[in-house]
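Each of the next two complexes has chain A plus one more chain, namely chain B in the first and chain C in the second.
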Partner chain A sequence: MISAVAASCDKESSNSPGFDRGPLLENLGVNIIVPAYDSLARRAARLEEAAIEFTETRNEQTLGKLRDAWLSAYVAFQHCGYFNFGPADNLIFNASVNTYPISRIKIDDNISSGSYDLNAISSNSAKGFAALDYLLYGENPDAENVVELFDSDDEASARRQYLLDVVEDLRARCDAVYERWSPAGDNYLGTFVSLTGNDVGSATGMLLNGAIQYCESDVRDGKIGIPLGVRSLNVPIPANCEALYAQQSILLAVESIKGLQNLYLGKGKTDGVGFDDYLTALNARHNGDALASVIASQIDLALTKIAAIPEPYSETVEQNPDPAMAAYQELQKLVVLLKADMMSALGILITYQDNDGD
Partner chain B sequence: MTAISLHSRLVNALRSAWYEPTPIAPLVTFRIVFGLMMAISVVRFWANGWIREFYIEPEVHFTYYGFEWVTAPGPVGMYALFGIMLASAIGIMLGWRYRMSAALFFLSFTYVELIDKTYYLNHYYFVSLVALLLCFVPANRAFSLDMLRKPTLAAGEVPAWSVTILKLQLAIVYIYAGIAKLNAEWLLDAMPLRIWLPAQSHLPVIGGFLSTAFAAYAFSWMGALYDLTIVFFLLNARTRPWAYIAVIGFHMITWMLFPIGMFPFIMILSTLIFFSPTFHTRLLERLAAVLRLRLNTIPRPDTSNTTKILPVPRIITGFMAVFIVIQVLAPWRYLLYPGDLFWTEQGYRFSWRVMLMEKAGYVVFHVEDPITGKRWDVMPGDYLTPIQEKMMSTQPDMILQFAHFLEEKYRAEGMNDAIVRAEAYVTLNGRGSRLFIDDQVDLTQERDGFRHKKWIVDLNQ
Partner chain C sequence: MKFFFPCLFLSALIVLSCNDDDDSGPALQVPDTYEFTRNGQSSVYYGGQTDRLNQTSEIKAYFQKGDKKEIVLDAETLLAMYENAGGDGDGNFSFTSDRQLKDKTFPADVAFFEDLFIDAENASVAGLSAANGTAGYITRKNGSTMLVDANGHEFTQTFEKGIMGSVFLHQIFNVYMTDSRVGDEVENTELDGANNYTPMEHHWDEAFGYWGVPVDFPNNTQNLRFFANYSNGRDPLIGSNKMLMDAFLTGRAAIVAKNYPVKNEQREIIYKGFELVTAATAIHYLNTAKELLGEGESSFGEALHALSEGYMFIRALRISPKKRISDATINEILETHIGENFWELPETDLSGLDEAIDLLVDAFPELANVKDAL
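Right, the complex of A and B next:
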C-alpha cells in the first residue's frame, strides 16, 4: 500500500515536465546579473583609485597599474552588456560607458577648453572605457610618452582633470546600475524574479530580447563585423575596433562570449539553472539533436574562432581577414540559433501586438 | 424519399433561408454589438500607440500583391483614417446614417489593413468581410437613429438572407478553421500547442497541467472538434444553450493563454446571431428599458402571414453567391502550389488558418555591386521594426519585397542593378532552423505574383 502511494507520487513528480521559470530567474538574477554588476562596480572603484594615484604620482609604474585596472573593469563590463533592459535600459548604461569609436577631436577639445558636460548624451563619444583607451594608450602607447602627456605636456594638468572626470563618471554609472539592481538598493532583482510570464514585459522576455539584440549588434557586428567591413561595402574600418589603442579587441570579444556562455548555462559563482536546462526540460530539438547542446556547442565554436583571430584586430581586418570572417560566420549561426530556434522553443514573444499564430 | 421530394425540400429550405421574412431583432443585436466591439477595438488600438508604431514610424511597408497603391497617408492622414473608423463604428452601433457608416467603416478599416501585411490577422480579415456585408443588410430598420429620423424605415421583418448571410460567414470561419487543424502536425504531434502551452507554466493552478503533453493533445483535438462542429450545435435549438457555453469557454481560454486581442470577444458576441428571434426581441426590449427608450423602437414582426416571400434584388443574391463561392474556394488554393503549405505560405492567408504554427526565422541580405564585385551585408533591423522583421523573416513574399526595397534604395544612391541575395533560416513547429531561401538567387530578378516561388528551399531537402 505504502509502496503503491510512493510509486504514484514518484510517477507524478517525474511526469510533470513543467519548467518553473522562478528558479531560473532566481539563478540568473542572484548568481549572474547582480554579481556581474557588483564585480564591475568594484573594479570601477579600483580604477578610480588607480587613476587618482596616477595623477598624483605620475610614473610608468602607476600608469601600468592604471592600465591594468582599466582592462580589468573593461573585462567585467563585457559580462554586463547583455543585461540591456530594466535599469541598464533606463540609465542608457551601455551607451554611456562603452560607445566606440570615440571622437578624438571631441576629447582633445574638451581637454583644451576645459569646458564639457559629461552627462550630455553627445558626450558619450568622449567618455567611457573607449575614451580611457585613447587617454591611456593613444596614438603612441609607449609608457614614457603617455606619462609625459600627463606630467609635463602643456595640457598635462587639464588632461589629468579630464582623466579623473571620465573615470569618476564611469565609476558613478557602474555604481548606479548596481544600486538599482541590488537588494540593498532599489532591488530591481526582486522585480526581476517576480516577472515569471512569457510576454515582452516578463523577465525572460526582457532579458532575452535585450541580450540577443546585444549579441547581434554589439558583439557580432560591433566587435567583429563592422571593423571587418561587412556593413560597409566590404571596406574594413579598423578605427571601429573596440579597445583600438590598447589593442585588446579580441581579448574583450572573447570575454564577451564567455559572458554569453555563463548567461546561457546559468553559470555564475556556482553552476545553476540556465537556458540550457530550460531547453532540455522542454525537450527542444534541432534537426535530431538536443537544441540545448547545439547552442552550447555553437557558443564554444564561436569562442574558439574568435580566440583564433590575431591581435591587433585593427591590422587583422586589413591584412588577414579570413580568420575574422570565419568567426563572424560562426557568430551569425549563433544568432540564428538564439533568435529563431531558442526564442521559438521557449515561446517568448517579441512584441505586444495581437497575434493569431503566424 | 424520392429525388423529387428531396429536391423540393432543398428548394424550400433555400427559399425560407433567403426570401422569407424573418424578425429583424437578431440583425439589430448583431449591428449593435459589432459596432460597439469595433469602436472599442479602435480606441484600444489607438490607446496602445499602435497607430504610430505600426503605420507612422516604419520606414517601409509590405503591401499586398496588386495593392501596391495603398500607402500610409502620413501622421495626419493615419489619425484621420482611424477617426473615421471610430466615428463610423459608432454610427453602425447607433444605426445613424447606417449605410454610409457601414461603407465608411469597411473602406477605412480595409484600407488600413492593406497598408502592411505584417499585421495581417485572420480576425481583421473577418472584420473586413462582415463590414462589407453590413453595407448590404438592412440592419437599421429597427432600434436605430435612422428610424427616428425617417420613421417610414421601420420594419419588424427583413428578408431572411440578411441574417442567413451572417450565419454563413461565421460558419465558414469556424468550419475552415477546423479543417485547417486536420493535419498531422496538429493532430499527431500536438504542434504548435506543445510549444505554446508549456510557456504558460507560470499560470496559477493550471500552469503545471499546461506543461504536459496530455494538455497539448487535449487542447489540439478539442480545438479541432470545436471548430468543426460548433456551428451545427448553434443551429440546433436544443443544443444551442450548451453550445453557447462552449463558445464562451473556448474563446475565454484562448484569450487567457494567447495574446489574441479582441478576437475572442468579437466571436462570442457575433455568435449570438444563431439565437432565436424571440431571444433577440427580449434582449432588445430589456436594452430599451435600461436605456429608457420607447418600446416602439422595436416594431413587432407581422406574424399573420408566414409564407410570404419578400423581394430580394437579384444583384444582391448574385453578389452574395459570388462572395460565398470565393470564400469557400480560397482556402483550397494552396493545393495548386507544390511544397509544404506552412513552410512556403503560398496560399496561406485569407483561409482561417489560426494558431497553426510556431514559426521563427532570421534573415540577412547579402548585397553585391555588380560592377565592383564588392559584397556586404544588410541587416533588415536597420530599416524595419521588430515586428516587421519577425514577420518578414518567415514569409517569402515579404523577403522578396524587402530585396526589391534594397535594390531601389541602392538605385537611388546611384548603384544600378545591385544584386540582392537572402540568407534566411527558419524554424517551423520545433524543427531546427534550416535554410529557407535559395541563397544563390538574385531576388531582384524575381517578381512577386501568384506563381510558385521556385527560390524557396524545399522543407525536407
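Right, the complex of A and C next:
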C-alpha cells in the first residue's frame, strides 16, 4: 500500500511544476477560513446576548430572537465544519459544538441535578448547537410552552442556568478557534500559508483530508445518509437528524454544501484561487472532461438534490425517502470525485481512515 | 471508497497470491477447540468482545437490583454504563475497558436503549404495582418482583435480549461476517501491526467472541453466555451447538489455509445458524408464554417475563442482512399477533401466539417438526 502511495506522489511532483500553491493557500486562509470563523464567533456572541436577554425577560418575542440568533450561528458553523485540522482538530472543535443526536437523559439530568462538567468529552452530547435545539424547541416547540419551561416550570431557574452555561461554552469555543487562526491571535493563518508542500503535513494535505472526511462522515452520512438508514439496513433513524426539533435539517445541509462549494472554488468575499484553478492548471481530466468542471457540476447537482428534500427531514426519511436517496447518491458521487479523482490528481495522500476497529 | 487507488493495487496483489494456492487446493487442519497458533503463540484474540459481554452482564445485574427493589434505577447511570463513560461506566463497572456497547449498537436502535433507560427510571421512581397501562412491579412465580413497562415488557429482559440482537448479532452479521471484514480481499498474509494475527483471522475471531462459548464448546458447556446459552438450550432439537462450532472452527482453519470457498461456506452456515437459534428460541418462549397464560392470574407475571424474551428474540431477527423472514412479517407478528401490549393478550385468546409461531415456522420450515417441543 505504501509503495502505491509513493508512486502517486512521485507522479504529482512531475505533474504540477507550473502551479504555485502559495496564492491558493493565501486565498483559502485570508478570504475563506478566517472570515468564516470570524463570522461564527460574531454570531455566537450575538447568540449569547440573545440568551441573556431571554433569561432576563422571558417572553415569546425574546425567545424568537434567541431562536433566530441560534439558527444564524448554526448556519455560520456549516461553513466551518470542513476546516477539521490544525486548531479545530486540536480543540476537538466540531465534536464539542455540534454532536448530535443529543442525549436527553444527560441534558434533563444536568438540569435537574445542577451538577455537570461541560468540558468533559462525555458532555459533548449534552451541549452545543444540538442541545440548544432541544432546549429552545424540544418535543413541544410551541413558543408559549417553551417560554413556560424557562419561566414558571419547577425547573425553570435551573433550565435558564443550563441554557446560559451551554451558550457560554459554545461562544467560548467559537472564540477560541478564531483566536487560534487570527493574525491578531495565535496566527495559525501564518503557519497555514507557509506549509506550501503537498505532503501529509502540508496545508493542502491537512485541509483536504479534514474537509473530505467531513464531507464524507458529517455531510453525506451525518446529515443525509444516517437518518435515511444507509448504515442500518435501510431502517430510518429520524432521531439522528440535525436540528431535529427546529426542523431545519435541510436548510443546514444546503448551507453546508455551499460551504464546500466556496472552499472548492476559492470564493469568499471575492472569487479567488481555488482547487478548481489548481486542477485546471494540472489539466486533470475525468472521462475526457476537465475534472475541475466535473467536480463543480457535481457540487451544483448535490446542492440541487438536497434542496429538493422536503422538510421536516425526520418525517421525509420515513414517509418519502426517494428524494433523500437521490441526494445521497449524488453526495456519494461527489465524495468519490473528491477523494479519489481530485486527491489522485493533486498527488495528495488520504490519511484518514474510518475508525471502526474492535 | 477509502484508499481508493491503493485498494485497487492491493486487491491485485491478493489475486496474484491466491493463484499460488488455487492449484494445490490447500488441505484444512481443523482443530477440536477454538485454539489457533502462529509460531507457537496463540493467534486468537477477542478481548473487546469479552469486555462487552461483561458490560452487558453488569448492566443486567443493575437492572435486576431494580427488579428486587434494592435500588431505584437511574437513567444516567444506565447511560454511563451503556457508553462506558470514563472507561468504567462512570464507576459502575467492576473493570475498566476502552470498549463500549453504544458505539457498536445497530444505529437505528441507539434511541431504543436510551428511551428504555428513561422509562425504567420513571417506573422505578414511581414504584407502583404494574397494571394495564401502568409501569411497575409484578411478582414472578418464584416470589421475586420484576419491573415492567406500561405494556408489560420486562425492562431487564428487554435490555439483555435487545443488546443480544442489536449489538452481538448486529456485529456478527453486519460487521464481522461481511466482505469488508472477512471477504476474500481482506488482508490475510501480513500480520496486523504487532499482533500475532492477520486482519481476516482477527475479524473471524471477533465474531466468535460475541457468541459467548468456551473454546472447548460443546464438550464444555460451563459458563455459557448470552447466545451460547440459547444455542445450547435449543441444541437437543435443532443441533445448534455442533452446527455453529464446526462452522467457526472450519472457517477459521480455512482462513489459515487461505481456502476461501470453504471459509465462505462456513460464513453462510453462521448466518443461518444464528438466525435459526434466534427463531427457535422465540418459539420456545411463545410456547412457554402460552402455557403460563393458560394457568391464570397467578402465573401472569411469569408469562410477561416469557413474552418479553420472545418479543425481543423476534425483534432480533430484523438484524440479519440475509434474513429468511421479511420485515413485514416480523412487524406483523410483533404488532398484530403478539401485540405491543401484553396485558391485552389473555383478554382475547391465545390464537395470536399460535399465529405468531406459525408465521415463524413458515419462514423456518425446518422448525415445523419441533415447534411444539421447543
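Some notes on this structure:
Assume the second predicted complex is superposed on the first by the 333 of 358 C-alpha atoms of A that agree within 3 Å, B and C clash if a C-alpha of one lies under 4 Å from a C-alpha of the other, contacts with A are read in each partner's own complex, and residues count from 1 in each chain.
Simple rule for what comes next: a residue touches a chain if its C-beta (ideal position, glycine included) is under 8 Å from a C-beta of that chain, and two chains touch if they have at least 3 such contacts.
Here the structure is a predicted model, which means the values were calculated and not measured.
In the superposed model, A:294 lies in contact with chain B only, and not with chain C. Shared-chain residue A:345: touches chain B; no touch with chain C.
Of the two partner chains, chain B and chain C are each touched by A:353. In the superposition on chain A, A:233 makes contact with both chain B and chain C.
Of the two partner chains, chain C is the only one that A:101 touches; chain B does not reach it.
Considering which of chain B and chain C touches more of chain A, the answer is B.
Contact with chain C, but none with chain B, is seen for A:109 once the two complexes are overlaid on the shared chain. By the touch criterion defined above, A:222 reaches neither chain B nor chain C. Chain A residues in contact with chain B (one complex) as well as with chain C (other complex) are 216, 229, 231-233, 235, 335-336, 339-340, 344, 350, 353-354, 356, 358.
In the complex of the two chains, the chain B residues touching chain A come out as 48, 50, 54, 119, 121-123, 192, 195-196, 198-202, 207-208, 210-213, 258-263, 354-362, 364, 369, 374-379, 381, 386-387, 390, 393-394, 425-427, 430-434.
The touching residues of chain A, counted against chain C in their complex, run 1, 4-5, 8, 101, 103-106, 109, 122, 216, 226, 229, 231-233, 235-237, 239-240, 335-336, 339-340, 344, 350, 353-354, 356, 358. On the side of chain A, the complex with chain B involves touching residues 15-22, 196-199, 216-217, 221, 225, 229-235, 282, 284-289, 291, 294, 332, 335-337, 339-341, 343-358. Taken in their complex, chain C has these residues touching chain A: 1-6, 9-10, 46, 48-49, 75-76, 79-80, 83, 85-86, 99, 106-108, 110-111, 114, 117-118, 174-175, 202, 206, 318-319, 321.
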